[in-house]
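The next part holds the structures, each set out as structure tokens.
What follows is chain A paired twice: with chain B in the first complex and chain C in the second.
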Partner chain A sequence: MKFFIALLVMGILTQNFTLAKFLGICPFLGVSKKLNTAVGMSAAVIFVMLIATAVTYPLNILLENNGLAYLQTIVFILVIAALVQMVEIVLKKYVKSLYKALGIYLPLITTNCAVLGVVILNIDYIGDYAAFGFGFGHAMMNAFAAGAGFMLAMVLFAGVRSRLEGADVPKFLEGLPITLIAAAIVSMSFLGFSGLVEGLGLLG
Partner chain B sequence: MNPILLAVIIVAGIGILAGLLLAVLSKVMAVPTDEKAAAIEEILPGANCGSCGFSGCAGYAAALSEGKTADTGLCNPGGSEVSAKIAALTGGAAASIEPMTAVVFCRGSSENANKKMKYEGVASCKMAAQLFGGEKSCIYGCVGLGDCARACPYNAITLCNGVAVVNADLCRACKKCIAVCPKKIIGLLPKERANAAVLCKNHDKGASTRKECAAGCIGCTKCVKLCPSGAIAMDNNVAVVDPEKCTSCGACAEGCPTGAIALLKRR
Partner chain C sequence: MSEKKKYNLKNELTKGFLRENPVLRLVLGTCPTLATSTSVVNGVGMGIAATIVLICSNIAISALRKVIPSKARIPAYIVVIASFVTMVQMLVKAFVPALDESLGVFLPLIVVNCIILGRAEAFAGKSPVLVSAVDGLGMGIGFTAALFCMGTVREILGAGTFLSGIDAMIGCSFKGFDFTGGLAKIGLAPMTLFILPAGGFFVFGLLMAAANRLAEGKGLKKAGLSPCAGCPRADACANKLCGEEKDV
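On to the complex of A and B.
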């Protein structure tokens, strides 16, 4: 139980995928302009991360049993691409407004490194946290935490960007430059969480 | 088994499985597309300005295709040409739309208008207008911070010496600037007919208007008397030209003591 909480805290705060690991920056900058699209995008990413983990975890066992672990990246990307297509079809049918709001960024989840990142990291964690008996349940928890961390970063940053809208920004920093600077500052603020997991004794 | 063959089989197998799954899903979850609406949307200018009264071009296209409206003449930016194309597609009647252009009814440039303060806040008319009505002494005039220029999807508005100016060649009368102007001093005038326009909305009495701006309408009613076709009327201390009656003879513009009347010459 302790380890589950440790994974959650790590994914959301100390090792936040966007702000500490710098994965998934493209949607982070692209879709964080409005709060509702940011939340919709994050929800889609959480969903894709969860099913991607659920599918790739057993696939990895299949690959390793056949001595084909070197095929991880290509197989995982294949699976993620198919899953994203599936999410797109489902969204188009049932949540058309979200489908339109996400636009090009929905197919771009395919190349969202955060999704591939969480899947590959789960495989690494099997070895890293062998002492805690890292298994399928932990992998799913880690995927959810990573997605939730992505959502937290998106929501926080949507707030920051709405403040930027009204700010008097020097001409040469308008648009993307000031957004990147703001992202850097938000990212630095997340450094403050480092050591939280060890401090709480969650990995003891 | 040969490891190379095994790798090929596994990757290909996963690929085929995923492909089949997607093929089945896309059949089951297929969304019926409205081809007529898509064709109409293709014709529309795509500015999503909302001047038709629907939520963007897609909304208008859907309404036309579903028969919610039969009026093909609601698209101002598209004009008669788009209306004729839509009518050919839906079988409705084509409407003729007189091309209009937005006009900023203010001449309070930095030489003409006096300032009551120095504004150094956020460069937005909406915000500046809340602070004692903006930088200029005249509370009716153009704030000059360019909310309309930013709203214009056709880049037709430029800021010229503290006043927004519309380029009639680029303007397509989508009314977006009219909606964002906090002073409500932007209006539509016919594009291809010449006509005179009083470029002032200052409703104060003449003496105070004069103190605020050198090019303001002081309400002297001289143009009303000069106009041979009776196209000018007074509205609360400001002369207003009726573009329907105006013959663009230029008598009012010549006679105006402050130069608030301009003869807008079109092609």
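On to the complex of A and C.
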């Protein structure tokens, strides 16, 4: 149980997926201009991360048992791409309301490094956290924490962006440069959480 | 026929350096740029790995451009790119294990590097083989150059070293420069912030401003980021998201 909480705290605060691990920077910078698009995008990312982990984790066991671990990258990206398409079709047909909320973000996510990143990290964690018995449940928790961390970063940054709109920015920093510097300051604020997992004794 | 179009090889090679620099002008591949530029050696290692994948995938995709049906092209491109990434991953693991360790998850993540899929979609899928290879080389050099700049600033300011870890990478006896001793003598210490994630965003922002300034001098537009930059279906979808947040 402690380890579950540790994964959650790490994913959201101390090793935030976007601000500390640099995964999913494109949507973080590109889709964070308005709060509602930021929330929609990150909800879609959480959704896809969970499904992708649920499918690739058992798939990885299958690959490893057959000595095909070197095919991981190819298999994972194809599975994620196919899965996202399939989910999109199913949602469109049966869950119209969810499709309306998440649908337009789904194609953007296929080649999002955050999704492939969390899937690969989950496989790496099996070895890294072997002492804690990292298993399927932990992988799902980690995927959720990663997505939630992404959402937190997106929502916070959407707020910062809306303030930037009206700010009087030096001319040479206008546009993307000031956005990146604002991201630096948001990222810096997350440094304050470092040591939290150890401090709470969650990994002890 | 696009085949008849005249290509200027020198132009294709040099455009990636500043005019269409993938990182600083087209704003692609931001994740690996920020994550692997903590030191020059890491950044350049990442740049070279991505360049190899980019050249190979450009050649393969361009050679197969008449065989791949246009409706199924994105999955086909992804398979080609993923295969080359797997090869590079194995080669790096075997010959430069130190690089594999420092790049970590970002080595397999070259698959989803927007630069590579972006070049396949925008260039290699409709251009002859030789030009595509040159385009890949040019873009790869541009990517590596941007990583080198980022890495230099971040490593010197953040760690007080330059080219540290090069001995493990290329197996030479030169261990890179170390300024920390000299700095300590005058009572200074490196600003660790610059090798932390926050410093990455900061240096990237300033570098982008500098690139914008240079581009402005040449009469080019400022770099902008489209949310659809990484989307393989950007041209087909025309959805309201792209219209809403077209430019930053």
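Simple rule for what comes next: the second predicted complex is superposed on the first by the 184 of 204 C-alpha atoms of A that agree within 3 Å, B and C clash if a C-alpha of one lies under 4 Å from a C-alpha of the other, contacts with A are read in each partner's own complex, and residues count from 1 in each chain.
Going forward, a residue touches a chain if its C-beta (ideal position, glycine included) is under 8 Å from a C-beta of that chain, and two chains touch if they have at least 3 such contacts.
Just so you know, these numbers come straight off a predicted model, no measurement behind them.
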Partner chain in contact with A:V90 - chain B first, chain C second, else both or neither: first
Greater residue coverage of chain A in the superposed arrangement, chain B or chain C: C
First, second, both or neither for A:L59, with chain B first and chain C second: first
Which superposed partner A:L121 touches (first chain B, second chain C, both, neither): second
Partner chain in contact with A:F172 - chain B first, chain C second, else both or neither: second
Which of chain B and chain C A:G135 touches, first, second, both or neither: neither
Partner chain(s) touched by A:L78 [first = chain B, second = chain C, both, neither]: both
Partner chain in contact with A:G195 - chain B first, chain C second, else both or neither: neither
On chain A, positions contacted by chain B and by chain C: 71, 74, 78, 81-82
Complex interface listing, chain A residues touching chain B: 59, 62-63, 66-68, 71, 74-75, 78-79, 81-82, 85-86, 89-90, 92-93, 166-168
Complex contacts: residues of chain C adjacent to chain A: 27, 30-32, 34-35, 74-75, 78-79, 82-83, 85-86, 89-90, 104-105, 108-109, 111-114, 117, 193, 196-202, 204-206, 208-209, 212-213, 222-233, 237, 239-241, 244-245, 248
Footprint of chain A on chain B - complex, ascending: 3, 6-7, 10-11, 14-15, 18-19, 21-22, 25-26, 29, 31, 121-124, 127
In the complex, chain A residues that touch chain C: 19-27, 29-31, 33-34, 37, 70-74, 77-78, 81-82, 104-105, 107-108, 110-113, 116-117, 120-121, 124, 172-181, 183-185, 187-188, 191
